[in-house]
Amino acid sequence: MIIIVKSNPDQQQLENLISWLRSMELEIHRSDGMDATVIGLVGDTSEVDADLIASLDIVESVKRVTEPYKKANRKFHPDDTVVDVSGIKLGGGHFQIIAGPCSVESREQICFVASEVRDGGATFLRGGAFKPRTSPYAFQGMRDEGIQLLVEAKKQSGLPIVTEIMDASHLHLFEDVDVIQVGARNMQNFELLKELGAAPQPILLKRGLSNTLEELLMSAEYIMARGNKNIILCERGIRTFETATRNTLDLSAVPLLKSMSHLPVVVDPSHATGIHALVKPMSLAAVAAGADGLMIEVHNDPPRALCDGAQSLTPNYFKTLVQDVMKVKNALI
Amino acid sequence: MIIIVKSNPDQQQLENLISWLRSMELEIHRSDGMDATVIGLVGDTSEVDADLIASLDIVESVKRVTEPYKKANRKFHPDDTVVDVSGIKLGGGHFQIIAGPCSVESREQICFVASEVRDGGATFLRGGAFKPRTSPYAFQGMRDEGIQLLVEAKKQSGLPIVTEIMDASHLHLFEDVDVIQVGARNMQNFELLKELGAAPQPILLKRGLSNTLEELLMSAEYIMARGNKNIILCERGIRTFETATRNTLDLSAVPLLKSMSHLPVVVDPSHATGIHALVKPMSLAAVAAGADGLMIEVHNDPPRALCDGAQSLTPNYFKTLVQDVMKVKNALI
Amino acid sequence: MIIIVKSNPDQQQLENLISWLRSMELEIHRSDGMDATVIGLVGDTSEVDADLIASLDIVESVKRVTEPYKKANRKFHPDDTVVDVSGIKLGGGHFQIIAGPCSVESREQICFVASEVRDGGATFLRGGAFKPRTSPYAFQGMRDEGIQLLVEAKKQSGLPIVTEIMDASHLHLFEDVDVIQVGARNMQNFELLKELGAAPQPILLKRGLSNTLEELLMSAEYIMARGNKNIILCERGIRTFETATRNTLDLSAVPLLKSMSHLPVVVDPSHATGIHALVKPMSLAAVAAGADGLMIEVHNDPPRALCDGAQSLTPNYFKTLVQDVMKVKNALI
Amino acid sequence: MIIIVKSNPDQQQLENLISWLRSMELEIHRSDGMDATVIGLVGDTSEVDADLIASLDIVESVKRVTEPYKKANRKFHPDDTVVDVSGIKLGGGHFQIIAGPCSVESREQICFVASEVRDGGATFLRGGAFKPRTSPYAFQGMRDEGIQLLVEAKKQSGLPIVTEIMDASHLHLFEDVDVIQVGARNMQNFELLKELGAAPQPILLKRGLSNTLEELLMSAEYIMARGNKNIILCERGIRTFETATRNTLDLSAVPLLKSMSHLPVVVDPSHATGIHALVKPMSLAAVAAGADGLMIEVHNDPPRALCDGAQSLTPNYFKTLVQDVMKVKNALI
């Protein structure tokens, strides 16, 4: 960490700062220039609060040389993390497709879609049981009953299941869930992240609507710091001024996250764009950019889906999408 | 609600849509033009899922004529909500200043700051016990012990206390807290909002970093739908491309929220800007824009504060700030 | 166009509005509901100022059913525009790669890079002669001399040239330029766009840093309204809160623009990301998303380039990039 | 300027970098730490291209200690710039109100509004002759005829006039214009800025929709570098995800710009919000935040204005606005 001190700082404050830094057992390199004094810190600075230092009156700015995330950092863990769910591997060259409806609506619906997406090439089943909805009056999901139906669909189809948790107190309901999803709005629900750090299942962590990639990795770090090393990162669009799409899918996040971290990265083009016709081109683009997986909404009957119907694909269209995805995937081997 | 149907729609789908709308006991006005068919819905549309309808293939767009929030809506509740905390009123012409340190650090610190800000003009004491921090390695607050210290400071100073909750499971610790704060990152933690709907205390609800004003009101609606009508809205800056400030304080939110809703609106210039020198001008601007209150960080010893020191003011500076705030306030009576 | 009038409007103002609309020879369909009056306009509304109408006190909102761009609109021109530059076609299934250095620096440099990128698979040469630089003290390009060197490189390499114009008064210098580029910062320099509407060359129009896709098409419409129909749209990243990349490349713009318009769409991954290592994955993603072309910075000696070196690729790396791009391209035929 | 070099850099590249820096006559302080090598540059670095250096493979990041703007920088020019227009001073404690219609429409209109706003307290008349419009089919302003009418209104009312230039080739038409405005979309039209650097009139420079404060000051620097020192900066809202207002007025820009620069800062609440009812509260807030002036749209007949009617105030309402503005202004003396 490098601290740039303003020119002509209050000497007492500068001494206070330096002695405080020394108290954290950091080695200090000081270099006095004409415009500024530069303090270089050597040692483990991951617990040093850069924001606090930057806020001091005498400090011009603080620059981390080492990233604040350690366990999620590729520098310290050069090998790709491979998440293994009952033998299905994701990451490290293993590519998987997660598909299913936005919401679980009934036993027939979820079991039908499960077998359809499995036949179409999906290797995981997704479906929302707990639904984060902007309006308290909108359908909030089938909740615990929805999870039971997902478990039934898993038994029938053989596909492991991915579903979203909205509160740590629901964790006991997720025992038979294979991958627990943290939604974009909960990416910085730090108490939930801590609890998930003790969960045995892998976590699919979605990027928040206005969160940076570093913040996403810091949220992964929250989970990993408690012991759970199986994190799947998910890019699902960020909020910008553009109104033609629901969000702006940031595909440069894929190669960047993979260089910053060893964790696998999947892309959700359905929620990112909110537009049926963009799901396929954005799926192909995500794969070309190096994504380790896709998360795609598929519905038996899109026009009557209870939510997000616009993004949902029919099972038949999904099959052709997977075929094209595999063409791109294979072309780049 | 007005639904604009694309030109030459599939007639079967159009009939499906119309019969589905009728099943919700809505009266339907249909007008067929050259470019489009327009369907007007008359009746209570607050539970109609506009996103779902907009997603149908035959639909060009959906336009709500009535807002999706009812209980928070000024149209249906023209009188200002006045939040009354032990006789201290906020809203409806009653202006209050909430002040205190970012974090509770010790009994001496919080009690000292409490008496200082009270003498300087504050009418509420704020202080973080549970701290949402981006890094798992940063100080997470004194948690339950911090709340006990706040309660002591309340007894000594006579100031009611405002502090943040991070998880519904902590609610039992907040019994003696006067106003429960929901932080920006939890604005759409819907399960938490539901629980707070049953709490007896007023809720200070902060706008999320990338949330619209309508979404803020929908989150207030979540709480109100469960019975808790005492909500204080808080503008605290949104995330934009500008890097000179931590966030961009959106002061037009103040008059807009007050026209959209009857709920009181306070402004937090400390977190919004992240810069000591901007707290005073932005406080004055907030008051001039019509804010019902301010939320300001004050610290006994800013340079050594455990977090957010850059935004904190000394008690002495706070006093002059309050004096200037009152000058603006009085000038506009 | 559909105008939603507020409930209980001032009747005189409503009559004024309706008679004004009638004066524009529009047919008017009025439907009075409980919550609102809806006015549907039938006829050519492209010259109706929706913002003006929306601003009236009695108007709740205005919704265009038809887009405000006509000549750039696919609805009225279903066939892809194919831009033909001396027999090299771009659009309508014809894919081209534009490559070259950020800035023209010398005869040797531009001629060397031209032959290298041609051998690597480029079909157009790009190079900046007039350089828009944030700082008045930064290198502003070789200007007219730079254009002469580009023309020499064109003669030697046989590649047509693309270079940026910064002011309409420079247009006479661009006689031998094959494609005139309008930079992101000039996308809404409307006086320049009007002049380019009379130019004989195709225009490569870059999306502004904070402009919507509709605004990009409106800027294309400015050029087309004056007669120049040969426009190539270019997505080059938008400004968001993310700081890890220079801008956020919005690849959903590719399929969306191609559905909204018949104009070809190219992607510039070099400027969008500002990071060397992201150019290849984003090039592959752009092609998978359906781009009609790529615009890539290639430099003979990136570390010493006068500007934008971080994004520039060596000629050798460029060749492997083109090979991979063609693999993706061919896989999707 | 401080350059942080990656750990284990290529030594040859490091030597190249250092010798290149030395060739610019900069003194170099090198400090080798464990994680990084830090290079401090001493001397005039305003012409050093930080982006170029940051782009080198061996460089982790570059941090300016001194700002890239010199002539606009308060550090080197501690005294407030006071712009003097025929004896009317703006800046350095002198507060002015610029008012008038969005567009000049006729002699009667502009002369009537001029006298009305003068009587209401305005000290400058604004009015658009050249209008930047998103659509080529929208009213583009009365252009040179509009400027002649403004000059007439100036003669009748005695108010100096402010109007926007859209292209350097129109400069000869602005001889009798007192203050030349550069619109948000032209903030980085660098060729225009250069020409205005030689103009005798003060320039009112609006912040671009997605430009940072540093970029605004760099654009001011472009003008000042050519000799024109009379710049008035104008905050007029930035583009964010919020859709309830046209743009988000960034009032923290006012105190920040005034600390970064000695140039006066005015605020345009009309364009920023696009909503009639927000102009007054945002005007009051701007003044409380320390603005040196306001720029407000006033129209004789808002509902029929040719553009931007929603933001325009009637002359009578404008008078009460000015009275309230002066109350806030006087309260803070």
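Order of writing sets the chain letters: A, B, C and D. Residues in each chain are counted from 1.
Everything that follows uses one rule, which is that contacts are C-beta pairs under 8 Å (C-beta built on N, C-alpha and C of every residue); 3 or more make two chains touch, one makes a residue touch a chain.
In this text, all values refer to a predicted model and were calculated from it rather than measured experimentally.
S.K.: Moving step by step between touching chains, how few steps can get you from chain B to chain D?
M.R.: The least step count works out to 1.
S.K.: By mean C-alpha coordinates, which chain is most distant from chain A?
M.R.: Using the mean of the C-alpha atoms as each chain's centre, the farthest one from chain A is D.
S.K.: Hey, how far is the Cα centre of chain C from the one of chain D, in Å?
M.R.: About 26 Å separates the centre of chain C from that of chain D.
S.K.: Mind checking the centre-to-centre distance between chain A and chain D? Centres are C-alpha means, answer in whole Å.
M.R.: 39
S.K.: Touching two or more other chains, which residues of chain B qualify?
M.R.: Touching at least two other chains: 210, 239-241, 243.
S.K.: Taking the complex as given, what residues does chain A use to touch chain B?
M.R.: 13, 16, 20, 46-47, 49, 51-52, 54-57, 68, 132-140, 166-170, 185-186, 188-192, 194, 208-210, 215, 218, 221-222, 225, 239, 274, 276, 302-311
S.K.: Of all residues in chain C, which touch chain A in the complex?
M.R.: So the residues of chain C in touch with chain A come to 210, 212-214, 238, 240-245, 248-252, 254-256, 259, 272-273, 275, 277-278, 281-282, 284-290, 324, 327-328, 330-332.
S.K.: Provide the residue numbers of chain B that touch chain C in the complex, in ascending order.
M.R.: Counting only chain B, the residues touching chain C are 2, 4, 29, 31, 33-36, 38, 40, 42, 60-61, 63, 65-66, 210, 239-241, 243.
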